[in-house]
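Here the structure is laid out as structure tokens; the discussion comes afterwards.
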Amino acid sequence: MSLQFAPILEQWPYLLGGAWLSLQIAVLAFACGLLIGLFCASILRYGPPSMRRLVAAYVTFATNTPQLVQIFFLFFGLPELGLQLSPFAAVLIGATFNAGAYLCEIQRAGFASVSPTELEAAEVLGFSRPQIVRYVIFPHVIRAMFPALSNQFILMTLGTSMASIFGVEELTARTANLGAETYLSVEAFIVAAVMYVVMTLLATSGLAAYGRMVQKRP
Amino acid sequence: MPLLEITDVKASYGSHMVLEHINLHVDKGEVVSLIGPSGSGKSTLLRLIVGLLPLAGGSVRLNGGIVDYASKAAVRALRSDIAIVFQQYNLFQNMTVIDNVTIAPTKIKRRPRTEVEPYALELLARVGLSHRLNSYPSELSGGQQQRVAIARALALRPKILLLDEITAALDPELVSEVLGTIRELSSDGITMLIVSHEMSFVREVSSRVVFMAEGRIVEAGAPRQIFDAPLQARTREFVGKILRH
Amino acid sequence: MTPAGHFFSYYDILLLGRGFLTTLALALIGCLAGCAAGFAAAILRTTHSRTPAPVRAALIAYCMLFRRVPFLVTLMLVFFAIQSMNANLSTFAVALISIFLISTAYLSEIARGGLESVHENQWQAARAMNFTHWQTLRLVVVPQAWRVILPPAFGFFVMFIKDTALASQIGVMELTSAGKVLGNKGLSAALVYGTILLLYFLMSYPLSRFGKRVEGKLAAARNH
């Protein structure tokens, strides 16, 4: 079986454009998910019982159901209730909904990892509350959460490939198009696979470098 | 003829010489102790004898026959005759005490269980652990684990028992129970090569003491010589320091 | 108002039930096969002296690659590759192969972690007592490693149940594909996909709780 990669590789700008869109979706959903997660984690820690139950239900539900079906519900189900979302909006909202739950769990675990003895020690040394947050809680929590956050971002980058199902022209969709045009689908998807590997490797090393830089601050 | 004869042995970690010009013999029934500062190569020598470290030069003879460490069969035969007990007891965590003691003779040496088990029970009685046959290592104290490790080594019916600082990792209260076991074994005539820091014990139980420093043997002789009237200045320095405590 | 059409008929419920079981079968068979292959790969990888370096390098590359490619892309790749080889495999088989490839990569990492969690001194004690490498693995290392491997391996299986939803895109008649079929029959999409979400939840949540309980018991047993 001979493989012809040339026709696929010729179209690298087209594919790269798709990869860029994939990355954008991942970054947007991650950022929004991070905020939602922070909000939910705070409620789980400091909120009234009724709100805590609601948030816990959200997290349990979102982490035990597939992201694809969540987006299907948003895209096909909501119109019946009067709300028609564009494919891109449906994907973004679905991915954010899903990410928010996982990022809530990660951040909750991060906050919980700060031991009360550390806080006591800081208090006894004369730190004010904001100072404790800045010098004790924040660095510790960031360090504790970093691997999980990094991993989650990778998963989300890979997860953007399901946007192709809804017509969003990200990397997987463009690969499928190219494969159909050239009748070289095997070669096309091999190239796409390599591009995803490179994307995630760059993301991992980038995040690791950023993590090291952040750790050096006094 | 000595049971174990070590001639001009050398060993290295990369380019760093950890043992040089080691000449040592152990006769049947003897208890020979190796003493010396940390890093002098005592444990390295034991590991080398049992084939856990490569030989860079010299020879090791067991019962007159040279040990060919390059041959897997020879090393297996050697390990049937020499048993070692480590500082970190190294009991198999997933097996009970009785299983730990019987596993090597039954599964590796392939002796029938009917032969192995009674002897194992006898050994465990000797080390004082008959009441803990079905306990797991994590349920035992350090001293108990070490005694099981000794029973496990003896179950192989070795010609020589090597003991590598077996009390070094124990809480002080637990050291004496293990030393007591060794004392009994020595009076039973078991041939042993011991590495230890417990100087009064070494003095009491050894037929010969060997002082090592920086990978070489500095002096060897009867306990009285080494501790009371050392011939070498280095030996005098070491003994003087430890006896001053 | 919702153009609900009608509620689930008996046949609709059967369709959903069949999809439910197909999803479970895909995840279970794929992950079990991946567990076996992954475990073998992990053993090969931790056996430095006996496995030639190129084989180990290939295994390391494999595990890295298949964890950094989206499941959908792997599915498409396997689908088109098998098509180009003119093999007559069902879409279920194609999905199963894809799941097998990916779960092998993940579970091999998990197994490797478990094997490496067994302290080096267990290996040394066994070696000093003339255990062969395989005897040590069989009698000492694996009995201790499986407790460390089981919880994350089970967690992976539960997580992967959700990923099987993507198999609907190559035509496998699992639970998510039932959504399209029922939608085409005129049922309300919100109702259908809402129900499917619920069914996934009923599959995943109890298993996940069970896994956590077993993990708790194993951790307690290890710390007597």
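As written, the chain order gives the labels A, B and C, with residue 1 at the start of each chain.
To be clear about the criterion, contacts are C-beta pairs under 8 Å (C-beta built on N, C-alpha and C of every residue); 3 or more make two chains touch, one makes a residue touch a chain.
Values in this document were obtained by computation on a predicted structure and should not be read as measured data.
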### Task
Indicate, using Cα centroids, the chain positioned nearest the centre of all protein chains shown.
C
### Summary
The pair out of A-C and B-C sharing more C-beta contacts is A-C
### Task
Please flag the chain sitting at the greatest distance from subunit C, going by CA centroids.
B
### Task
Averaging only over C-alpha atoms, locate the centres of subunit A and subunit B and give their separation in whole Å.
57
### Message
Taking the mean of the CA coordinates per chain, how far is subunit A from subunit C in Å?
### Response
21
### Task
Round to the nearest whole Å and give the separation of the Cα centres of subunit B and subunit C.
48
## Note on the structure
So, in the complex, the side of subunit C touching subunit B is made of residues 121-122, 124-131, 135, 139-140, 143-144, 222-224
### Touching residues on subunit C, where the partner in the complex is subunit A
2-3, 64-65, 68-74, 76-77, 80-81, 83-85, 162-166, 168-169, 176, 179, 183, 188-194, 196-197, 200-201, 204-205, 208
### Summary
Per the touch rule, the subunit B residues reaching subunit C in their complex are 50, 52, 76, 79-80, 83-84, 86, 88, 90-95, 103-104, 107-109, 136, 138-139, 152, 156
### Partner subunit C, residues of subunit A touching it in the complex
1, 60-61, 64-70, 72-73, 76-81, 154, 158-162, 164-165, 172, 175-176, 179, 185-186, 189-190, 192-193, 196-197, 200-201
